[in-house]
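Okay, so chain A shows up in both of these, paired with chain B first and chain C after.
And now, the complex of A and B:
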């Protein structure tokens, strides 16, 4: 119960900040809309539009209406196209979710495996690979890697037909790209978690009982490694959002990003507001799930007042 | 070999940045000069990296395109370092009511998606260096603050810290005398990663079609423009891609002493 309440409060705060920010910025949405449509609106028409979009009411009332609308899936009308935002975004949301969730799952799976192998043999092949991938994930631009992959796989090797094919085929490259950039950092977190176990006395006991090295490391280290992973996952949860956006543009997937970039150019605030609300929901729920899992794995009461 | 690489890498990075700074101000040919008679030429003595689909000199455009990235690096390093250090010291020394709020802010900032913040700010303030820099500062100050706070809290339990206070030095004096020198290696690694991130973010926004100034060449915008030739003229795409990756990688490696 407390969990849900905290999640809701964080989300409301994030969305409210964005809501106020959009309305603080100079440039009335009606004027932006008129500019965009190359219209010359009379003051009466401007007033009519303001009334229709609810801009003449207090900030709090506006936020309340927006919130009501968001929850009941009435996401307002796009300034740029006049169509309901819900209808414009809902089909795209599926694509974006598939890439984001798929990329995250793949990264967790491969990253955890690589991290375990890296910890099992420090300085070995897996360790080197995980280090290189961590540096690469930090230092290489995602779109550059995506373009090169597209060139290599589609033009040179002709393994895949880009921009076409079935749903699964269109998702392979974006999911792989999003995962590629998280595998390195995830494997380093997992490796560090397992490395703690290697130096622990109970691990030496397990070895002296005659357990094979890897079995012992897996059995005794997985809980601590999971905790280390969950503690450091926040930047990756955030990265997935940006990574998904870049991957969609490169590989021409009709996800949210395309529409959002248009909305940025046209200052289409209803679309942006909805997008921010969805992104905030993803990140906050992700962080909350991490925190809850961590608390479940590590049933130690949180330190009160004492900081490490 | 490893020790040597550690000395060579920073020098190479400084060399690369110097080259780019010079290149941002001076180019061998006019980066805007269109020559429709000579589109998509291969590299030659006149055009070091060939010409693009409008016959513009790719090498010159590459050099001129470094400017937004260099500006972003400068702004981000100065601002996020300044904010991060101040907040970190505050977290370590302020009363717990203040420091808890600051710590919560820093941890929240860690989970902000930089690219999305940059997109939102571009929508609000118009695509430009202001939006990019603001987005970078919002998302890069937090690691410094948390790292510095952690370091200072650890140092405070060291005997030499207590000794320094006992000898009559103020807390601020102890931070300057013992905290700052201890913090340098860590700050270096973070700063390298941030500078690299700045280069990547500028290019990413350009690639998404939101470059700071559409009139000027910029690496991301070049990739956005040239990606149509990915399958026919790879070098055209590869030049700005490699420039971005090389600079980001060099910054990351050069400052990382970990």
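And now, the complex of A and C:
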């Protein structure tokens, strides 16, 4: 119950602040629309647009209506397209989730394997690869890596049709891009977790009992590695959002972020606000799940002062 | 396990990996094979099929799906399309006669009743359809004749009906139907539109199936074009054009667009209130240098791109010596530090631009250098909110991009941006002679008279220089061999037209 309450409060605070910030961005949506569509709007028409879009209400009223709508899945109408935001974003949510969750899962799978191999043989090939990928993940710009992948695999080798292929084919590069930037950091976290086990007495005991090195490492180190991974994974939850956005734009995937770029330019408040709310929900819930999993894996005794 | 056997095992595993990877890639490679239809990559895509919603009307027309009663020709003239003629009546209303033998994509004839139903619905639902002359009301007098009345009297109804908000459609229980050369077969919001030739449009057999794919990023668009995934890339960033130099299978065509680049000069700013200073600045700017900086475009001749019949003729002068003389005459004397001053005031100006049009930001240093040579110190500023800054009047010079004739008529731009007290008269300029010219333009019906008045208005602007028209920009369209005969025109208003793919 406390978990749900804390999550809700955090989310509400985040969306309320963003609601105000979005409206503080210079540029009136009606004027932006008129400019974009080369329209001459009389003051009466400007007023009509503002009333139609709810901009003539107080900020508090606007927020209250938006909040009610968000909870009841009535996310308003896009200023730019006039279409229901719910329909527009839900259609795109699947693509974004596929890229984000797919990329994260791939990164976890490959990163954890690489980290384990790196810990099993310090200084070996896996360890060096893991280090290079971690540095690359920090140093390389995602946009450039995506364009290079596109140039190499689509334009030069023509191995893949990222824009016109089927669903799976369209997801390969975006998922790969998101994963690429997390594999290195995940592998280093996992390696660090396993490395702690190597110096533990119980690990040496296991080896002395005749267990193969890797088996012993896996058996006795995976819990500690999982804890280290969960602790370090939290920042990647936010990266997934950014990485997914970059991937969607470069590879032309019709996901949430790709739509949001247009919404920023058009000052399309209903789309922006809903996107922010969804991203806030993803990050807050993700962080809390990570924290809960860590607590489950590594239960701590309550502080002495709190004992009954 | 010996060392040898270990290496052998590693080789086997590597070989297996390569075979597996190749096997995985084979079906992917096969899907790249060229299909029979034409694929168009565009940075924008209709977000829906209801033309009364948002800006869908514009997108549906530019995709070749919908048509209006009138359209703008490649020469910038308003010409009949689904209508055959329009005639203004003594009471100010208009009679519009429909063209014969025009059909919706299911074979339903286009009748006055159906047109009236569609456009009355649009007028009710979409405020954009009420922008130029207020609410238009359509009444079917018979199956081929409409009476159109407008809230505000207008002599340019055909031009208004060529605006993007007025496509003709037939409401059905499902998606609306249209009259354009292509009909929607499958609509995937945000992704693609698959289209087939409209069987009830003339010469349907000569058209290919067309798929429009949205690729929002320009660099990605260029790579999609390079990979052969799209036959047409609309449009390519200028920095990607070198990729296609010497490419025998692909070509890039550049064409001028009607989004003119200009520079407002704030006449309420102390230094710029003197017409001699404004004219000096206008003369000092070398438009060829700006074209060079943007790597594309043509020097502007006036308010409109040269393709329009009402465009001003001849190049705008570049004469730094005459500019310096004008400043001397105005009392701005050159100082020892290279900056002119008058009555102790240095001639310092602030030049604004906005990043949404990157070319304008590129122009800033070029203009600053030109004005510096003239003895004017320029500070550059960039804003994300050009409308706010320009509307507030807190600027001296402001670089601006504007489609100056979106519906093929000069009246809207010349009135909205230059008439005394007009909503977007950013330069705060006022001229009685100009106002009288625009008033005459407002009531003129004869096209030749409208052209003459528009050109006269541009001459008046040039004399007083509240703005410096700079460059007519160019866009770049990538075309595969299959579309080699395609000629882009009309900015992004008419990308896919009845002649699309006819050259195959």
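Keep this in mind: the second predicted complex is superposed on the first by the 260 of 308 C-alpha atoms of A that agree within 3 Å, B and C clash if a C-alpha of one lies under 4 Å from a C-alpha of the other, contacts with A are read in each partner's own complex, and residues count from 1 in each chain.
In this text, a contact is a pair of C-beta atoms (placed from the backbone, for glycine too) under 8 Å apart; a residue touches a chain by one contact, two chains touch by 3 or more.
These numbers come from a predicted model, not from an experiment.
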Touched partner set for A:21, first chain B, second chain C, both or neither: first
Which of chain B and chain C A:200 touches, first, second, both or neither: neither
Partner chain(s) touched by A:283 [first = chain B, second = chain C, both, neither]: first
Touched partner set for A:264, first chain B, second chain C, both or neither: first
First, second, both or neither for A:88, with chain B first and chain C second: second
Which superposed partner A:138 touches (first chain B, second chain C, both, neither): first
Chain B versus chain C as contact partner of A:49, first or second or both or neither: second
Residue contacts with chain A in the superposition, chain B compared against chain C: C
First, second, both or neither for A:245, with chain B first and chain C second: first
Partner chain in contact with A:237 - chain B first, chain C second, else both or neither: first
Intersection of the chain A residues that touch chain B with those that touch chain C: 25, 147, 150-151, 154-155, 249, 261, 265
Parts of chain A lying in touch with chain B, wherever the complex brings them together: 18, 21-22, 25, 135, 138-144, 147-148, 150-151, 154-155, 234-235, 237-239, 241-242, 245-246, 249, 257, 260-261, 263-265, 267, 269, 272, 276, 279, 283, 287, 305, 307-308
In the complex with chain A, residue positions of chain B that touch it: 96, 107, 110-116, 119-120, 122-125, 127, 153, 193, 196-197, 200, 203-204, 207-210, 220, 223, 227, 230-231, 234, 237, 241, 244-245, 248-249, 251-253
Complex contact set, residues of chain A against chain C: 25-28, 31-32, 34-43, 45, 48-49, 52, 78-83, 88, 91-92, 147, 150-151, 154-155, 158-166, 169, 172, 249-252, 254, 258-259, 261-262, 265
Chain A-facing residues of chain C, complex: 25, 28-29, 31-32, 39, 41, 47-48, 50, 53-56, 58, 126-128, 130-132, 164, 188-191, 211, 213-217, 219-220, 223-224, 226-230, 356, 383-385, 387-388, 402-403, 406, 412, 416, 423
